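Listed below are the structures to be examined.
Look for subunit A in each of the two complexes below; its partner is subunit B in the first and subunit C in the second.
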Partner chain A sequence: MAGSEGFVEADNTEAIIIRIEQKSRKIESLLRQFKPVEALKMALEGSPPKTKDERCKSANWIVVHRAIMAIKDVDGLFVSLDPEYYDILMKYLYRGLSTGDRPTCDQCLRIHEKLTEKAGLGCILRSLADTVNTV
Partner chain B sequence: MCLQNFPCQEVERHNKPEVELKTSPELLLNPVLICRNEAEKCLIETSINSLRISIKVKQADELENILTKKFLRFLSMRAEAFQVLRRKPVQGYDISFLITNYHCEDMQKNKLIDFIVQFMEDIDKEISELKMSVNTRGRLVATEFLKQFI
Partner chain C sequence: MLVGRFQIMASIAAHKFAQCITCHAWSPDQTMVAFCPNNNEVHIYRLVEDKWEKVHVLQKHDQIISGIDWSARSNKIVTVSHDRNSYVWNQEEAEWVPTLVILRLNRAALCVQWSPKENKFAVGSGAKTVCICYYEQENNWWVSKLIRKRHNSSVTSVAWHPNNILLATTSTDGKCRVFSTFIKGVDSRDSGTSLASDMKFGEQIVQLDLCFSWAFGVKWSPSGNTLAYVGHNSMIYFVDDVGPSPSAQDVAFRDLPLRDVLFVSERMVIGVGFDCHPMVFTADERGIWCFSRFLDERKRAPSSSKYGSQFSEAFGKLYGQSKQGVRNDAIDPTKPGGGVHENCITCIVPLRKAGDGTVTRFSTSGLDGKVVIWDLESRADLSL
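Right, the complex of A and B next:
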């Protein structure tokens, strides 16, 4: 039982990583067309929440990071981003803040401030309390 | 900051701050690490009955390094007086605070947070003052000493 679940997990992992690679190619093309908001939406969409595999999470983080760094206009971002993505974005922002890399942290702090204004403290608490779906 | 009393699950009649032990993952929340830049960071770990905040202060040069270490060791040794201060900072950080549910029962939560913010601001001010006084004294001593050679 555990063995077969292990196999399913491995297949899923490979499938997820392939999906993330395809996604990153699409996102690169969107960024070249100067559409960072769409790129970020696409990056947040396919976030695999239930995988425990660190590689999937890291692969997805790299993609989301690329999209976050490309954003120049933070207010414009929230006009077009759906509220269901706020929680996932907040979790990725905290992951970005933990990296310690100055430009990443600056950008993450800027977006965090605006996101807290928009989504409120509940968003922060959900990212703290959710131990099941981590990014 | 919602901390409640939670007796130890493993040992009878014991009440331990769960964030220090980390024995039961269901009692812990995700730790949050916030880095302003490479030199400064803040780690916040929470559990059901306690909260640990660890801060790494910016140290621009060797002198500030020594001053910070000595000054914060001085404060940590007197942690009893501060109540929420931890005697030893967490590995990799300069200073740590441990807030338990008992502190929340005795003191107001917003005042606790104000205290921590004020504390860190005062530490920054104190360390810059110390650095300035060390430099001034060094300059004075050097001028007096070298005057005899003119």
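Right, the complex of A and C next:
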């Protein structure tokens, strides 16, 4: 029984990875059309916080990271980014900050400042307090 | 602004009793307040000609008192403490006489509440257990019955259903649970609803797994139809149809997490916590809950942030449609913003219940050592 469940999980993982790959191609195309906010939205959509598989999480982080780094106009980002993305974006910003990579941290901090203004401390609490649905 | 429809209240009285207050409770006639000034004592003050006078000090516990409840009809005070014990205090002439209740805990007791009929009280503890205590006439003794092996972590709050049988608990394992506390010889079979009276003692009716963080502060609505509790992730949860198929909503808000909640009516909840400003949550005619406003006039909810409720599918519209900027001072934690409380509010207690179960006044206390009384100015607005 446990074995078959493990198989379903693995099957699921492959499906998620394939979906992320497809997403990645669409995001590249959006970035070429200078639509970084659309690209970020697409990257955040269908994020796999519920799966425990690190490979899925890493694959999606690479895609989100690509979109985050392409954001030039942070104020402009929040004009068109809907509030439903705030919580998941905050989680990815903390993942970015945890990398320690200088350009990534710089970019994440700039977005973090604006996002905190927009979404409040509650948004930070929701991303930090939730140790189950990590990104 | 949302003001207008909910033209309510301001605080009508605030008094700083101590450096810090862990919990407080009112006497049945509400002329006296009992609180723990963050030590092993309970201080009882009476309001005499607009001045608070200390009338009693209850000394028996060895460590910090974490919970106090004062029964409205039988005039008994129950206290629980980190020393793992509980005392029931009876007033005999001028003195308060304690009776030890042996809870059989190996960790601190954290919270206590009298049942609606006042024939039982429930204690939540750090030992992952809930004690249901009742009085045995023949032995002149309070007996503690334990609900074990249900919680995976400390029990932070307990709340009695109006039927005197069902008990809701929150825990630092993030879950809210509802138990039957039916005790033979104490409760009669017809006293509860059909749902409750079939259940044996300690049977779990439902486990709500909505929060992925610590859960605190649980309460039932006056009718017992709705349950509200809060998470340490700046969310509040509302549960209807508690039973085999409950329906749940969660509401995210933009400020620091809550610690305790209180239903003032079926459709209005006050939440208090780390933000220092009590928050008002209301349900519309479809039963959809949302953040409405701050109780404190001086902290305005940013007009843009109408927080919607979210049904459990997650990733719904968390924040409504706002896209406008927000004033910076609303999120600056270093500025209390001129509110009545200056630190985390840990406790909210109803005062004077109206006939229909609607609460018109209540009091809050917290780490700033103040007890603040709030009044609902307009009853008409409350009925929504």
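Operating definition for what follows: the second predicted complex is superposed on the first by the 135 of 135 C-alpha atoms of A that agree within 3 Å, B and C clash if a C-alpha of one lies under 4 Å from a C-alpha of the other, contacts with A are read in each partner's own complex, and residues count from 1 in each chain.
Throughout what follows, a residue touches a chain if its C-beta (ideal position, glycine included) is under 8 Å from a C-beta of that chain, and two chains touch if they have at least 3 such contacts.
Here the structure is a predicted model, which is why all the values come from computation and not from measurement.
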item	value
Room on subunit A for both subunit B and subunit C (clash or fit)	fit
Subunit B versus subunit C as contact partner of A:L97, first or second or both or neither	first
Centroid geometry (CA): angle subunit B/subunit A/subunit C, rounded to a multiple of 10 degrees	70
Partner chain(s) touched by A:A129 [first = subunit B, second = subunit C, both, neither]	both
Partner chain(s) touched by A:C105 [first = subunit B, second = subunit C, both, neither]	first
Partner chain(s) touched by A:G76 [first = subunit B, second = subunit C, both, neither]	neither
Subunit A residues touched - subunit C or subunit B, whichever exceeds	C
Overlay on chain A, subunit C to subunit B nearest C-alpha distance, Å	5
Residues on subunit A lying within both footprints (that of subunit B and that of subunit C)	129-131
Touch list for subunit C against partner subunit A, complex	212-214, 231-235, 252-257, 305, 315-323, 325-326, 328, 330-331, 333
Subunit C contact footprint on subunit A (complex, rising order)	78-79, 83-84, 86-88, 116-123, 125-126, 129-133
Subunit A contact footprint on subunit B (complex, rising order)	25, 28-30, 32-38, 41, 46
Touch list for subunit A against partner subunit B, complex	94, 97-102, 105, 109, 127-131, 134
